[in-house]
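A, B, C and D label the chains in the order they appear, each numbered from 1.
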Amino acid sequence: MYGITPDNGMEKAYDLSEVAIVPTKRARDTVDVDLSWRIDAVSLDFPLIAAPMDSIMSPATVIEMGRLGGLGVLNLEGLWTRYADPSAQFDSLAKITNEIDAVQAMQRLYAEPIKAELIDQRLAEIHDAGVPFAAALSPKTVRQFAGHVEKAGADFLVITGTSVSAQYVSETRDALDMKELIHSLDVPVIVGGCVDYFTALNLMRAGAVGILVGFGGGARQATRDVLGIEVPMASAISAAAVARSDYMDESGGRYVAVIADGGITCSGDIAKALACGADAAMVGVPLARATEAPGQGYHWGREVWHPTLVRGLRQQVETLASLEEILLGPSVVADGSMNLVGALRRTLASTGYTTIKSFQKAKLILV
Amino acid sequence: MYGITPDNGMEKAYDLSEVAIVPTKRARDTVDVDLSWRIDAVSLDFPLIAAPMDSIMSPATVIEMGRLGGLGVLNLEGLWTRYADPSAQFDSLAKITNEIDAVQAMQRLYAEPIKAELIDQRLAEIHDAGVPFAAALSPKTVRQFAGHVEKAGADFLVITGTSVSAQYVSETRDALDMKELIHSLDVPVIVGGCVDYFTALNLMRAGAVGILVGFGGGARQATRDVLGIEVPMASAISAAAVARSDYMDESGGRYVAVIADGGITCSGDIAKALACGADAAMVGVPLARATEAPGQGYHWGREVWHPTLVRGLRQQVETLASLEEILLGPSVVADGSMNLVGALRRTLASTGYTTIKSFQKAKLILV
Amino acid sequence: MYGITPDNGMEKAYDLSEVAIVPTKRARDTVDVDLSWRIDAVSLDFPLIAAPMDSIMSPATVIEMGRLGGLGVLNLEGLWTRYADPSAQFDSLAKITNEIDAVQAMQRLYAEPIKAELIDQRLAEIHDAGVPFAAALSPKTVRQFAGHVEKAGADFLVITGTSVSAQYVSETRDALDMKELIHSLDVPVIVGGCVDYFTALNLMRAGAVGILVGFGGGARQATRDVLGIEVPMASAISAAAVARSDYMDESGGRYVAVIADGGITCSGDIAKALACGADAAMVGVPLARATEAPGQGYHWGREVWHPTLVRGLRQQVETLASLEEILLGPSVVADGSMNLVGALRRTLASTGYTTIKSFQKAKLILV
Amino acid sequence: MYGITPDNGMEKAYDLSEVAIVPTKRARDTVDVDLSWRIDAVSLDFPLIAAPMDSIMSPATVIEMGRLGGLGVLNLEGLWTRYADPSAQFDSLAKITNEIDAVQAMQRLYAEPIKAELIDQRLAEIHDAGVPFAAALSPKTVRQFAGHVEKAGADFLVITGTSVSAQYVSETRDALDMKELIHSLDVPVIVGGCVDYFTALNLMRAGAVGILVGFGGGARQATRDVLGIEVPMASAISAAAVARSDYMDESGGRYVAVIADGGITCSGDIAKALACGADAAMVGVPLARATEAPGQGYHWGREVWHPTLVRGLRQQVETLASLEEILLGPSVVADGSMNLVGALRRTLASTGYTTIKSFQKAKLILV
């Protein structure tokens, strides 16, 4: 009965790299494909959200992202809200090639306090551009600064953090009640990251207009090595899509957007995430290769500069083309890092779909 | 009920590298093996078709392929129908070593329009050689140029393209009705690529004498990265072979050839494709290593020079031997890149089969 | 019925790298996490035991390990009990870069007999420091020297060896009766390594206060290549945890600690081992990177210096930080090799647990 | 019903690298382990047979193999029976570093006819040494030269070839009737290679005293690439072991030895092969590293010098130690390439077995 392998009930979970889309319907014309989607009151041209990471999102690139038809998100806990002009800080980081030095330099730079007036100033600059935009805070700072996001007229507040659950219980400090918080705010909230059906459902019940599935950032290998935690995205997105459907039923029709956040490194991954059931994808690495990216050839998330438990590595990336070319093409490379939107349009056409909603039912296989 | 891994009904599909042939019958003598096969009215000595790619098929190599006992296919959308003498273009491409430069040079060279008179001239040259041959067009150009293929006396018209389905629906442009097209033509049609049972069946019903299974070319990794699409060939061929059998039943005996097109890199792959149920294999990479190959050490398909969404890479290959030696031996290497026909004959003999038709029932295992 | 693959009843066993922890509960605050555990009468601050290997454990590092809140174990068959001052031996080994030379040098150095008076002296030195500690003997020497461990006031005697079972039958020499031995001793015994349910249960019945699951050391690849033996740790730990539960039932409440011993290379592995059901983990490699480690940048177990059948390789490791920083942080790397305790605390918090006992029920998936 | 993955009945077959032995019994003392085995009338000290390959077996090494307690096999189609003194040929091959040059040189050297008088002379030399020995012929030459093997007093005739089945049907040439041949000979026959239950059973019924399971040699990757054929050894051995048992039943007690032949690269593989049910293993690579090996740092089988379809590569190996040290130790490396016999003895002891016959029931898991 009990040998070396007792049945411990472990299920196999699948990563995006373990699944593939197979065309089983007639191909459609790319000109018939409509990639637009809607989250709360906002319509967007294509289902890509830029991750709130300093290496890709400055006020300028948030604006450019919106101008092109996507959604940019400014990280309100990054260098832009700690320094009046962070150019010197970005430049100094770009000059450090040793990674341990870079970690320690970041730990110092990000120790500078966040200034409320800089938050106001950055958001005002973006708001004036007249494009849709969002701003991100972590569970730890959200109560302190959420009001500034409301006042600035952001389209969304994104609540996300290095902590892997958006819900948070503390015996010794005040716990964050997500439902109470969301209901107290005037700005629609996107929150995450969650990785299972029940957490997804709870976040939907808490009133979010969108939930992030996954842990974001470029910290996957580190999360595995340091914490032993891993989130196979294909399975996690599928679970969240089931939750979306069940919640729509129980709420009498509220549709909460499921946004894949993590492990998206090429346009093929975006297509797979949508085919697994996502409404949109939050992307990082591909945008870090833009000439406009503040990271200047480096990409990092907040897990790199944690003061006591570094859980991610600064990633070196090759600058490739303008943000517009990376998103809308034309492409001169074959690795899925350019013309992300055109590639997605082509995948839908090739597999016989003309809308994202119908494409969520595309045939997936295990490879 | 819904944890991290809801049952989303994904099936595992197998690639040729995941299967292997196991000998379970008495070995036969290689001299008893007969590799000939028939498609429509044409008998061929061995079941290999050269892919319609500029890097391997010139009028001269189409002729040589037929002379040796196989079937060559000229790409009518390649350099040979855009330039009166494309030698300079081939030479200039062979001199470019940087891949992004090569992509951009191709995008320029292939922007030159296709000339109907060059199509006539190339096909006439091949026809005069008196060997079986075929010509390839994509769904976009087939209505415009198919008549030239008919008139030239080609044995087959191959309809294939970067679009992954041979059937095509457009709301804004005229859709291609494959059945109507095939019935309107006097030349037998081979069409593809399809990857599932139903598409295969529909193409058979449309009147094709052969269907291509797979997406061809050397663009596999790119298709995965750029589009998220992947076609495990062992499963796709098996599905098409079932469709062939069902269609033979419903049509009262029409046998449509199933041709594996894609992922064939060595003679072992050819054997596996046949054992999965294919009647023949369309090959590219191994032929690009011929001294006669126009690519001069490079190999590329049409997905490399797409104007806005590059979906393949030019591949550098080492020139190895003459086309005849690559096909018929003798071999001095042990990687399955020479004596493709002799190797196939040996596989049949070793596993106890003397015809391709019987070999389609060889025992396969998952490895 | 019998083809190439008869049903031979082989079960799949899983390694730590094949499983991952998924957060499915609300995150907790790290300050609420309590990592302490108890084995027999001893309470320890965190569930890490240093492996009894010469490259990491000297009397000084055993003391430091205890001072920091863990448990150190001195190998009583190592250089410290063969040489009055082994510094010269350690220095000479650190200077040998060729691995075959190193093996042969070790075979010579470890041929020097063990001296009982050195055992007494080393243990007395540790005992005087007033921290919890343990000493290790192999089945071959345990009857000869166990009395010295008792007298020295060690908290635990660890019985472990290159032989992969702690139970031992000999027709020609005296067999070791573990039960009789354990009952004859005054010092609590931790014994291993076992890899299946029944052996685990038998060792618990023999009276051990803790059992080691796995084969320890850095000899995994070698054990596979040399002996064909392999122990997928996730399955082995799960099996032992079931045995612990069944034994607790049959013994009327005796709780025997299950200690993962082998294959632990980063903090993520520690977390996975506990989530599989372990109470603690015995670690080697990460501690070999301490500046205080006697190995001076090398790491080896007793299987390296076997006189006739070498079954392990000396491993070169990069010295990283102090033992305290490796255990308690802060961390400046993202590979799970620093702040082992902080990382474990974070994993529990992120997945919603505050004690090790509850964390043993964390959700694991196959990845 | 028929999607991309129709049920095509493919079973998973397992290679030795996919299985591992797990200890689930009490360890035994190595001195109690008895590795001797019997095949037909011959008793041998340990279950290792040297493969009949020119790179390892000369008359001298066949003798040494027997002297040490194993069984050596001279290839009667190698250089030793083509040249009166092949030293010059061996030396010239050892000087060629380019592999295509080596293939072509071998094709020339092995084109020299086999001389019956050289067969007699080599076998007489070995016979005079008074150790057990065997000689190998392929199905093509066996009728011509088998009489010489009989007369020379060899203990066994090994019939094996590049053809993957020992049974052979020809419509145009005389087919080989193995049963008739074996019954006509006075020397006991070992024959192979087979890979499935039915072929194994048929070879047993034909009268063989031992059957070879697998395709031998170092040609695995090449067989896959060139022919598409692959033999996962763990499954193949298991199937043959079932055939052995069924044949013993139907024959009223005839026990035919199952000899694993192929894919054995380290001592761990030998142990796994026996645990899968083999009685002995035929080894090549490990012996090519002996200082006495004629290959002088290279290893090759007959598939390398095939005149038209090369199906294997000459392999460069590092000369390590004497044949005696490789077989009987002591070992100074940890990769399973030395002390093959000592390692096997240790595996049995560690997993609780004292005879090969009982060890064939050791617990195997999938890893």
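Convention: a contact is a pair of C-beta atoms (placed from the backbone, for glycine too) under 8 Å apart; a residue touches a chain by one contact, two chains touch by 3 or more.
The model shown is predicted, which means the values in this text are computed figures rather than measured ones.
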item: Angle, in degrees to the nearest 5, of the Cα rotation that carries subunit C onto subunit D; value: 90
item: Proportion of interface numbers common to subunit B and subunit D (over half same, under half different); value: different
item: Chain of greatest Cα-centre distance to subunit A; value: D
item: Intercentroid distance (Cα basis), subunit D paired with subunit B, Å; value: 40
item: Intercentroid distance (Cα basis), subunit C paired with subunit B, Å; value: 57
item: Sequence positions of subunit B contacting 2 or more other chains; value: 3-5, 11-13, 22, 24, 195-196, 198, 232, 235, 363, 365
item: Complex contact set, residues of subunit C against subunit A; value: 11-14, 19-29, 31-32, 195-198, 232, 235-236, 238-239, 242-243, 246, 266-272, 275-276, 329-336, 338-339, 342-343, 346-347, 349-352, 354, 363-367
item: Subunit A-touching residues of subunit B, taken from the complex the two chains share; value: 2-6, 8, 10-13, 15, 100, 103-104, 107, 163-165, 167-173, 195-196, 198-199, 219, 222-232, 235, 303-304, 307-313
